[in-house]
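Across the two complexes that follow, subunit A remains constant while its partner is subunit B and subsequently subunit C.
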Partner chain A sequence: MKSIVQEIAPEIRFATMQHTTGKSAAAGNPIFRIIKYVLYDILQNRIVIGYTLFLLAVSMGLFGLSDDPTKGLISLLNIVLIVTPLVSVVFATIHFYNAGEFIELLAAQPIRRGVIVWSQFLGLVIALLIAVLLGIGVPIALYTPTATGLSLLAAAMGLTIVFIALALLASVFTRDKAKGIGVALLLWFYFALLYDALVLFILFSFADYPLEKATLVLAALNPIDLARVVVLLQMDISALMGYTGALFREWLGSSWGIVSAMGILLLWAVVPMLLAVRVFRKKDL
Partner chain B sequence: MLESIQLSKSFGKLKVLDGVSVRMQAGQAVSFIGPNGSGKTTFIKCLLGLVIPDSGDVTMNGEHILGNWDYRRHIGYMPQIGRYPDHIRVGQLFDMIQEIRRGTFQRLDDDLMRAFEVDTFAHKTMRTLSGGTRQKVSACLAFMFDPAVLILDEPTAGLDPLSSEILKEKVLAEKAKGKLTLLTSHILSDLDELTTDVLYIMEGKVLFYQPIEQLKAQTGEDKLHRAIANVMKQQATA
Partner chain C sequence: MKHLLISLLLLMTAALSAAVIEVGAGRACPNIRTALERAHSGDTILVHPGLYAEGNLEINRPLSLIGIGYPVLDGRHLDEVITVNSPYVTVQGFDIRNSGQMSTKDLAGIKVLSADSVVIAENRFQDCNFAIYLSNTIGCRVSRNVVRGIIKEEQNSGNGIHLWKCAGALIEENYLTGHRDGIYFEFVTDSEIRGNTSEQNLRYGLHFMFSHSDSYHHNTFRNNGAGVAVMYSRQVSMTENYFGYNWGSSAYGILLKDISDSHIWKNNFEHNSAGVYLEGASRIILEDNQFRENGWALRVQASCDANVIRGNNFFGNSFDVSTNGSLVLNTFNGNYWDKYEGYDLDRDGIGDVPYRPVSLYAVVVERMPHALMLMRSFMVYLMDKAEKIIPSLTPEQLMDEKPVMRPLAI
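== the complex of A and B ==
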C-alpha cells in the first residue's frame, strides 16, 4: 500500500508544475478549484442546514436539562455515536450518486480521476464538519469548554470523516443508487448496532480464556468503538468506560490511549479513501 | 494523430467492442455510423478515457492515453446526452470549466456562444433548460478551448434547424483549420456535408473505414444515406 503522500502527491505536483510553467499566475491545485463548486452544490441542499440545527437543538437541550455538564456530555456522546455516522454515511452516499453528472463532466476534462474523488471527499468533509462544529462545537464551548468536551468534538469530527470515506468506498463499487444507499445503511447498522452485540457474544463465549488483547483488536476494528474510547478515556469514569475502554487505559495509559485510538480512527478514513480512489480510477463512467 | 489498436471492451457477457483498430489524422472528419448499440459511443468513451478498455490501446500523437489525463486538453467533447449538475447556472458552468482547464488551453473560442446567444440564458439553471438548449451548452463547451480534436456524439439531435446549421458551419470552419473531427449521427444527411471518411461499426467490429468519395464511387450513389443503405443491402444478401 502506497503512503498517502505518494497517493496525493501527483495532484500536488500537477499544481506546482502549472505554477512553474507560468501559464496562469493564479493557478491553484485543481482539487481546490473544484471543491468550491462541490461545496456550492452541497450547500444548495437544505439537509446540511437541517442537520446543523438538529445537532444544535440536541446539544443545547441536553446541556440545558442537567446542572452537571458532564452528565450532558455523556448523553450527548451516546447520541453523537449514533447520529453522526448515520447522517454522514447516508448523506455522502446520496450526494455522490447525485453528483454523477458533475463527475462525468469532470472526467472528460484534463484532470486526474483521483482529483475528482478527492475533491468530492474534501467538499463533503468541509460541509459536514462545519455542521458538527456549529451544532456540537458551539454548545460545548458555551457549557463545558474542557478537555473532555473537546475530545467529544474530536470524536464527532473523526466519525464524520471516517463515515464519509466509507460512503465513497461503497459508492464507487456499486452503480445503482438504491444499492449504494443500502450498503451505506448496512455499514452503519453493522458498526453502530451489530458489532457490539457480536463482541459481547464473543466475550461471553470465550469467557474462560484471556481476552484482553483480542478485545483491544476488536475495538480497533470498529471506528465507533474507537471514538467512544477516546471520549471515555478523557472523561476518566471507569464505571462507564466499559471493557475495551478499561483495557485501553490499562495497556496504554490515558494520553497514549487517546493518541493511539485517534491514530487508528484516522486510518479508518485514509484506507477506505485510498481504496476508493484506486477503484474509481478503473471505473467505467 | 489519434489511433486505436485492437480495442476490446465487454460489459458483462456483452462484447461491445471487438478488436477495433482505427487510425485518424488531423484534417479528417470521421463519421461513426452503425446501428443502435453497435459500440459507437463506447468507442468514443474509450478515446476519452471515460471507459477503460479490457484490452488494446489508444494513442494520441504517439503517446498512450490509458491512465493518462493530460491529453484531454486537446479534446473537446460533446456528449450524446449532456448531463449537468441541476442547480448550476449556465454562466457558472462555463466559468467552472474554464477555471478547471485554466493553463491547459491557448485561447478561448466564443464564436458559438455568440452565435447561440448564450447571454440570453446564462442566468438560468441547468435543470430548467430544454433539451435543445442543453445541446447548445454542450456544443459551446466542446468548442470553447479551441481543441485539436473534436468529438461530437449526435451533435444535431434536438437542435432546431437554424442552430443545427450554425453548428455545422462551425464544424466545417474548424475542419478547414486542420482539426480532427469525430462525429456520430443517425441523420446521415447532416453528416454528408461534413464528413471526409466513414467508419462503419457493427456489433463492435469495424465493417469498413474509407473516404466518403471512395464509398460513393463504389456504390455508385452520390448521397451518403443511399450509399450506406446500398452497403447494408449488400451485407444482407451476402
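== the complex of A and C ==
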C-alpha cells in the first residue's frame, strides 16, 4: 500500500492542481484519476482474481453438471444470493481499511471528501463487477443467454453494488478494522439468512390479516430479497401469477415489476453511499 | 339390385335437378333473402363478393349457401345473421360480422336449431356475440372457421363455438379468440374436437359441462383467462394437446372438476400457473405428459381418488405437486422428476429411494399464499432439506415409488 501511495502522490497532486487551476479538461476531474488508482490497486489483488476464478468454476460446473440449463440457473441463484453479497461486503470493508493511508493522503489534498468516498466506491464497483461479469456473465452467455439468465446476472451485479455501498457505510463509522469487518458480516448475516426467517415468522403470526401490501414492502426492505424477486419474475412467473392478489398481479404482470425492483435495488446502493459520504465529511481522520 | 338401380337413378335426377342460384350485384338475384326464398331443396346458392346486410336470414330447406371471395354478411349489431332450421345445410366461405346481442336470447353469427348433419366451414367471424351456436343437433361439422370476438366483460360475451345438447359433432381446425369460452360443450356426447387453436379468450379455451364420451386432441390452448375446464363429465379423452401460458390465480392448463374415467395422454403443459388441477376427480389416467416450467405442475385436491399419474416428465416446475390435505388416494408411479436427488445403485434406470413431489414449502404456500414471496430463498431451501430428512408436515403417503432416472421419451 505504501509503495502505491508514494508512487501516485505526485500524480494526484498534479491532477488536483490542474483541476483547481482549471487548465486541463481531459484529466480535469480528479475522481477519474483516483478511481484509476483504486482500480489498479484492486485488480492486482489476488483475492479478486481468485473470486473471479471461483465464480467461473462454480458456474461452469453447475451448468456442465446437468443437461438442463434451467437447473443450473436455479443452483447458481443460490450461489449468487449468498456468495456475492458476502464477498462484496467483506472485500470492500477490508479494502477500505487497507486503503486508510491512501485516503488520509488524499484527504490532505484539495479534494472534496465526497469525491474520495465515491471514487473508492466506484473503483470497488468496477473491479467486482468485472469479476461478476467474467465469473457469472460469461458462463450464462455460453449456456443460457435467456431472459432468466440475464436477470440472474443483473441480480448478481445489483447485489455487488449494494453490498459495497453497505460495506463503505459500515466502515466509515468505525476506525477499528476488526469491528468494521464484524459489522459487515453481521449485515450480510441479517440480510441473507435472518431476514427471510423473520418474514416467514411475521407472515405466520399475522396470517389472518390482509398482508398483500405488507409482503411487497417487506421484500423491498431487503436487497437480497429484491434481487431474488428480479430473478423470480423470469424464472417462476407462472407460479407468481397464481398468487391471489390483484395489486400483486398488476405489479408483477407488467414490466413495472422488474423496473421498480431494480430501481429500489439501486436506491439500496445510493442511500447508504450518501449516508457514508455525509458521515465521512464530518469524520475526524 | 333393382332397388339399388332405382335409388341410384333417383339420386341422379335429384342431382340434375339441383339448381345453382347466383347472388350479387348484376346477377340473377340481387340479395340472399330472395335467393333463399326461390331455392328448392338441394340447390346451391353462390354468393359473390359484396356487403349483404339483410337482417336475419333463415335457411329452412336443405341447401348449400356458399360464398365466393368472402362476401360480408353484416348483422349491424341487431340481428342473428344466419339461422339454420333444416338438416343437410352447408354454409361456407362467408365473412360474418356484428351479430346482435340480447339479454334474453343468445344471438349468434350462425345458429343451428334442431337440424342434423349441418356443415359450417371456412367462414370468418368478427365481433359476433356467439359465433357458431349448435342446439339439439346430431352429426354436424364445424371446420376451418376463423372466429375473432371483441373482448368484453364476461357476462356480456358469448362463446366462439357453442354446442348445447348435441351428439356426434366434429369441431376441427378452427381458430378462436376474443370470446368468453373458445369452445363450449354442454350435454354433448360422442363428439370430437381436433386441431383447433383457442387463445386469448376471456374465460376458458375449451369448456365441458355434462358432456360424456367426447375426445379432444391435437388442439392448442394458449393464454386463455382460465385455461381449459372439464367439469361434471366422464369418459373424456384428452390427447396430444398443448396447454400454455394460462396465468392467474385460478388459471389452469386443465381444470378437472367432478370428472371420472378419463384419459389424459401425451399432452404438453408449459408455463401455466397450474398445469392440471384435479378436484373431485376419479379414475383418471394421466400418462406420458410433459410438464415444463409451470407454477404448479399438478394440484391434486384431497377429494380426488383412484387417479393414476404415471410416466410423465416434470421439468423446471416451481412446484411439482401440491395438495390441500394429508389423505392420498392416488397413485404416482414411474414419472421423471427433475428435482429427484436419489440414486440408482442397481442401474435399472429406476431410482432406489421414492420421490416425494410435495415439498414442505408447497404445503406452507398452500396454507399461506403470501409466503410465495419467499420462493427460492436460502431459508426455504434449508427448510425443505430438513423436511426431506424428517417428513412431518408433508403427506407421507404421497410419493413416487419408482421415479425414473432419465427423462422419458414422449
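FYI, the second predicted complex is superposed on the first by the 243 of 285 C-alpha atoms of A that agree within 3 Å, B and C clash if a C-alpha of one lies under 4 Å from a C-alpha of the other, contacts with A are read in each partner's own complex, and residues count from 1 in each chain.
The rule we apply is simple: contacts are C-beta pairs under 8 Å (C-beta built on N, C-alpha and C of every residue); 3 or more make two chains touch, one makes a residue touch a chain.
Please read all numbers here as calculations on a predicted model, not as lab measurements.
More subunit A residues lie in contact with C than with the other chain of the pair subunit B and subunit C. Once chain A of one complex is fitted onto chain A of the other, the partner contacts of A:A108 are limited to subunit B, with no touch recorded for subunit C. With both structures placed on the common chain, the touch criterion links A:D284 to subunit B but leaves subunit C unconnected. By the touch criterion defined above, A:D225 lies against subunit C but remains apart from subunit B after alignment on the C-alpha atoms of chain A. Looking at the shared chain after the overlay, A:E212 reaches subunit C, while subunit B stays out of its contact range. Once chain A of one complex is fitted onto chain A of the other, the partner contacts of A:R46 are absent, as it touches neither subunit B nor subunit C.
Subunit A residues in contact with subunit B (one complex) as well as with subunit C (other complex) do not exist. Partner subunit B is touched in their complex by these residues of subunit A: 18, 21, 23-24, 26-27, 30, 33-34, 37, 40-41, 44, 99-102, 104-113, 281-285. Of all the residues in subunit B, the ones that touch subunit A in their complex are 11, 45, 48-52, 67, 69-73, 75, 77, 79, 83-88, 92, 96-97, 99-104.
Contacts from subunit C toward subunit A in the complex involve residues 247-249, 251, 271-274, 293-296, 315-316, 318-319, 338, 364, 367-381. Taken together, the subunit A residues at the contact with subunit C in this complex read 68, 70-71, 74, 77-78, 81-82, 192-193, 196-197, 199-200, 203-204, 207, 211-212, 215-216, 218-219, 225, 228-229, 231-232, 235-245, 249, 253.
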